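Following this line, the structures themselves.
Same chain, two partners: chain A is paired with chain B first, then with chain C.
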Partner chain A sequence: MSSSDLIEIVIASGKGGVGKSTIAASLAIILRNSGYRVIAVDADAEAPNLHLVLGINRWDRVLEYREGRIGFIRDDKCIHCGYCYDSCAFSAIEEKSGRYVINPWICEGCYTCSFVCPVKAISFKYNVLAGYIKIAYNTPYKFPLVSSELKPGRPNSGKLVTEAKNLGRTISGGKGLIIVDAAAGIGCQVIASLAGSHLALLVAEPTPASFSDLKRIHKLTKHFGIPSALIINMYNINNDLVGRIIEYARKENIELLGLLPYDYSVPKSMAMKKPVIHAYPSSEIAKSIIEVCNKLLTLLKDWENWRLKHIPEKIEPFIPVIIKPKELG
Partner chain B sequence: MKPLSIKIAFTTDKGGLDDRIVERFGRARTFTIVEVDEKGNILSINIIENPGSRATSGAGIKAVQKLVDMGIDIVVGPNPGPNAYMALIQSGIRLYTLSGQSVKEVLNKLLRDIFK
Partner chain C sequence: MKRIIQISITGGKGGTGKSFVATNLAILLAKKHDLLLADLDLEAPNDHVLLGIDKLHSKEDIKIFLPFIDYKKCTLCGICAKICDTGAIFMPPKNPPIVFPRLCSGCKACYYACPYGAITEGGHVIAYSYLTIIRKFNVSFKLLTGILRPGEEHIPPGLSIIKRKARELAKEILLIDTGAGAGSSISIALQYSDLVIAVTEPTPLGLHDLESILKIVNGLGYRAWVIINRYGLGPIDDHLKIMKMYGVEKYFKIPYSMDAIKSYIQGIPIVAYNPDSIVSKSFYDIYQVLEDEIL
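Entry: the complex of A and B
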C-alpha cells in the first residue's frame, strides 16, 4: 500500500515515564476529531496501559496469542543422569527431592536438554499461551484500539507487537493513521514497533537520562530510515537542558513539534482514567497539546514533501554485543 | 559447467510478481525469489516462506540465514533491523532498500540497470 494512504506514526522515547501514552491518547483523539480515520495500537505488550489512559475497560474481542515451547521431563523415562541439569544454559532445570524438573518460568525452549538426554526423556509443550491481543472497536472516542498484552514471564516478543500492528492495519483497510504507542527502551518490541512505520514521534523530557535515551532511540529510527519529529514534555522542569535537546534536534534534522509544560492536570486526569484534553480542556497542557497537534496536522497535509526532507540519509549501522547467559553469572 | 545465474529475493506477503514489496524485513511473510540468467532472462520464480515471520525472537537473523541457504545474491526490501543488517553485511548479499512498489516493477528496473 502506498504510504500516503496509510501513515503509521510511532510514539517512542527510549526512556519510560516521559508521557508517551498520555500524548498518544490525546493526539489520537485530536487527529480523529480533525477528520482522520485513526486506529490506536498499544505496542507496549509488557506494560500495556493506553486503554487505562483512555478509560476503556470493555473489549469487543480478545485473541489468544500462543507461541514458543516449554520442556518437561518424563519421570517414567528419566534415569537421573543430570546431563540436562549441567547443560542448561539458563539454569532452568532444578533438582527437587531427587527428581529433575524444568522450571517453566525460566525455560527458553532451546532444546539443549533434549539434545543431551541419553534416554530421550524430555518432551516439549508447544504453543504456550503467551499473551493476548485485545480489540475495542467502539471506544467513546470513535476510533478502535488494539492492545497487546504479554503474559508475565513469557519471552519478550516482537512477534506479538507485529501481529497487533498487522491487525491494526487490517482494521484500517489501508487508509488513515495508525498511532502506535511503543514501549520504553530500544529492544525487540520497540524494533517491531518501528519496523515498517512511517513517522517516529519522539518524546523527551529535559533530564540527562531522557536526553541520552532520545539519542539511542533516534539511532534506531535512523537505522530504519524513518523520519523523526520531537515533542519535549515537561520542559519547565529543567530549562537548561531544553536548549541542548533543541540544538540536537536541529543538527539531526528532527522536526520540533513543540514543548509541553509540566502540569498537575496530567496525573489528576490519569487517576480519573480520562485523557487530559477531555478532563481539563482549559488547562495549560491541553492548549499546548492542541498546538503540537496543529503542527502535526500541517505536517501530515504536506506529508510527501515533509517526508522527503526529513528522511535520514543513510543507515546507522549497529554492532550487536553477544553475551551468553552463563557469562552473566 | 553450470550456467551463470543471479538470484534476487524480494520481501513479500503472499508472494509472486504481482505482490508488493512489504515494509517488514525479518518478519515479511514470504520471499519471492527470481532467478535470472546472464542475459536477464527469468529462469524461475519461487515463493518461499520466511522462517523469521514465525520466530519469537531473532527474526532478522533467521530470515538472513534462509537467504544465505538459498544462495541469494541480491535482496530487495525495506531497511532491515539492526541484527539482520549486521548478518546481511557479513553474508555478502547485496541489499537494495525500498518498499511499496510491486515486485514486477522493481524487477524490471533492476534488470534494466544490471543488463544495460
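Entry: the complex of A and C
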C-alpha cells in the first residue's frame, strides 16, 4: 500500500492530561464526517480513556492478550541464599520476614533468577493474561475503535500497543486514516505508537512542564523522521508561554494547526461521556476544534507536498550509549 | 537498618496533578523533616520544572546490563537468542548472534543461559539520574531526578536502579512521584511504600485510571489514600464507591481553582506562591494528617 492510501496520525504530548483524548475523539468524528474512512486506536494501554470520551461502553470483540511469565519461589526448596534477590534487574524479588518472594506486580518472567538459583526452587506460570484488545465496530460515529488495555501491573505495554495498532491497520484494509491516541511519556508505548506512523500531532498546553515534555516528544518524532504538527490547548491560561511555544514550533518546522481555549465545556462533556463537539457544539472550544480540523483537512488534501516540506530535515539518529566489557571496570 | 518512611504519589491518568501534589507536599514536609523527593517519572520528569529549578546537578549514568558475545567461545548454539524475550539477540543462520542494544532490557538471562560462558558483561546507558539540593521557599531538601534518554524504551530496569538509589539516599522521608500509567514500572516506583497517595480528578477518565492504580496498590498490600484534585469539576460518587471497594483509608479534596493554574505556570509551588489560597489550605490539611498519622 502506498502511504497516501493510509495515513496514520498519532496524537502525542509527552505530558499527560493536556487533552490528547479529548482532541483525538473530536478529530476522529470530524474527519469521518468529512468523508474519510477513520479508525481510532487507543494506544494508551495503561490508562485507556478514549472510549470514555466517546461514550462507548459496548464492545463487539474482546481479545485476550497473553504475554510473559510470572515466577514464584517454592518455600520447601528455597535455601535462602539470596542469589535470586541480587540478580533481578527489575527488583521483583523481595525479602519478607526471612522468606524470598517474587512480586507478581513487577516480575516479567525473564528466567534470570531461575538460572542463578542453586537448588532450582523457582518455577514459572506461563502465558499470563496481560491485557485485552477491545474492538467496537459499530459506534454511533461510524468509525471503529480499537482499544488496548493492559492489566494493571503487567510489563511491556508497548507490545500490546503494537498489536492493537496492527489490528487497526488490518481493519482499515490499507485505506483511510488511523487516529492513534498515544500514552503520556516517551517510553515503549509511545515508541510503539509512533513506529510506522505518518504524522505526529503534538498537543501542548502553555505551562513550563508541558513545554519541557513537548521538546522531549518532538525529539522522538525526529528520531523516527515523522513530520509534526502542533495544537496548543488551553492557550488562554498563559499567553506569555504561547508565544515561546509558537516560536519553537516555527524554528523546528512544526506546523501550528491552531489554538484551543480553556473551556469548562470540556470537563462537563466528560462527565456526560460525550465528545465536546457533540455535547456543546456552540462552545468556543468546539468552534476552535472545527477550525483546527479544517486546517488538518487542507493539509491532508495536499498530503504529499506537505509531508515533503515538513519531514525533519535531518533525522536525529538514535545512538545508544554502550559500554564495552573492558570499559566497565 | 535505618528506617525511612516512603510516601508515594501516583494516579494512573496523566495530568491529574501528581507532580503538583508531590512538590507542594515536599515543601511542607521539608520544614520539619529530612526529605528526599524522587521524581521517578523518567519519561516526563517535571518536579524540577514545577520547583522552578533550571539546572540539575550531580549527573550519573544509569547503566543496565548489555551482552557482548565472545566469538572465540561462541558455538552458535542459539540458546541466548531463544531465551531473550525482547528480541534483542538475533541469530543469523550459521553466524554468531547479533545484539540490538535498544531492544535489550538488561535482564541478563542470556548471560546465565549460555552454556559456554561466551557472553560477557557490558553496559548500556538508558537514563541519567541527578541529585540536586533545593534551597528555596525557606526550606531545604534533596531532589533525585531520573531522566530517560529519548529513544530508549526499557524503563523498568533503569527505574529500579534509580529507585534503589533513592532508598539509599533517603534519611528520614522518601517522597516518590511516579509517572502516569498502571504497568509494572509503576509497581517498581511504589514498591516498599508505607503509604500510597493516588491523585485523581472528578471525571470518568480519572475514575477509570484510579481503579487501575488501586488494583496495584491493593495487590501490593500498601496503605492507600486518595486526593481528588480539581474538586468541583464533576461528580465524585463513583470515585467514593471505588475507594471503598479497594479499602482506601482516607481521601482529601483539592478544590478546583485558577490559583493552582497560576502557580503552576509560574514554576512556584502554590504553598509558596499563594499561601492563603484555598488550594494551599488543602495542602496544610493533608500535611497535618500525614504528620499525625504517618510520621
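Please note the rule applied: the second predicted complex is superposed on the first by the 288 of 329 C-alpha atoms of A that agree within 3 Å, B and C clash if a C-alpha of one lies under 4 Å from a C-alpha of the other, contacts with A are read in each partner's own complex, and residues count from 1 in each chain.
Here, a contact is a pair of C-beta atoms (placed from the backbone, for glycine too) under 8 Å apart; a residue touches a chain by one contact, two chains touch by 3 or more.
This one's a predicted model, so the numbers in the text were calculated from it and none came from an experiment.
Asks: With chain A superposed, do chain B and chain C clash or fit?
Replies: Clash - chain B and chain C, as placed by superposing on chain A, overlap.
Asks: Touch test for A:68: chain B only (first), chain C only (second), both, or neither?
Replies: both
Asks: Identify the partner contact of A:277: answer first if only chain B is touched, second if only chain C is, both if each is, neither if none is.
Replies: After superposition on chain A, A:277 lies in contact with neither partner.
Asks: Go through the superposed model and pick first if A:162 touches only chain B, second if only chain C, both, or neither.
Replies: In the superposed model, A:162 contacts chain B only, not chain C.
Asks: Looking at the overlay, what does A:38 touch: chain B (first), chain C (second), both, or neither?
Replies: neither
Asks: Per the contact definition in the header, classify A:191: touching chain B only (first), chain C only (second), both, or neither.
Replies: Both partners, chain B and chain C.
Asks: In the overlay, work out which of chain B or chain C sits against more residues of chain A.
Replies: Of chain B and chain C, more residues of chain A lie in contact with C.
Asks: Using the superposition on chain A described above, determine whether A:225 touches chain B (first), chain C (second), both, or neither.
Replies: After superposition on chain A, A:225 lies in contact with chain B alone.
Asks: Looking at A:152, would you say it contacts chain B, chain C, both, or neither? Reply first, second, both or neither.
Replies: A:152 contacts chain C only, not chain B.
Asks: Answer with first, second, both or neither: which of chain B and chain C does A:29 touch in the superposed model?
Replies: neither
Asks: Looking at A:216 after the superposition, I want to know if it touches chain B, chain C, both of them or none. Which is it: first, second, both, neither?
Replies: It touches chain C, and chain B stays clear.
Asks: Of the listed segments of chain B (22-30, 58-66 or 94-102), which one clashes with chain C in the superposed model?
Replies: Answer for the clashing stretch of chain B: 58-66.
Asks: If you lay the two complexes on top of each other, which residues of chain A touch chain B in one and chain C in the other?
Replies: 68, 155-158, 188, 191, 220, 223, 318, 320
Asks: In the complex formed with chain A, which residues of chain B make contact?
Replies: Where chain B meets chain A, its residues are 20, 22-27, 54-57, 59, 78-79, 81-83, 85-86, 89, 97, 99-100.
Asks: Going by the contact rule set out above, which residues of chain A touch chain C in the complex?
Replies: Chain A reaches chain C through residues 14-18, 21, 45-49, 52-53, 68, 87, 89-91, 94, 103-112, 115-116, 150, 152-158, 183-191, 206-209, 212-213, 216, 219-220, 223, 237-238, 241, 267-268, 270-271, 273, 318, 320-325, 328.
Asks: Which residues of chain C touch chain A in their complex?
Replies: 12-16, 19, 41-44, 46, 49-50, 61, 63-66, 68, 83, 85, 101-102, 105-109, 112-113, 120-125, 148-157, 160, 163-164, 179-188, 191, 202-205, 208-209, 212-213, 215-216, 219-220, 230, 233-235, 261, 264-265, 267
Asks: What part of chain A is in contact with chain B in the complex they form?
Replies: My answer: residues 1-3, 67-68, 155-159, 162, 188, 191-192, 195-197, 220, 223-225, 315, 317-320.
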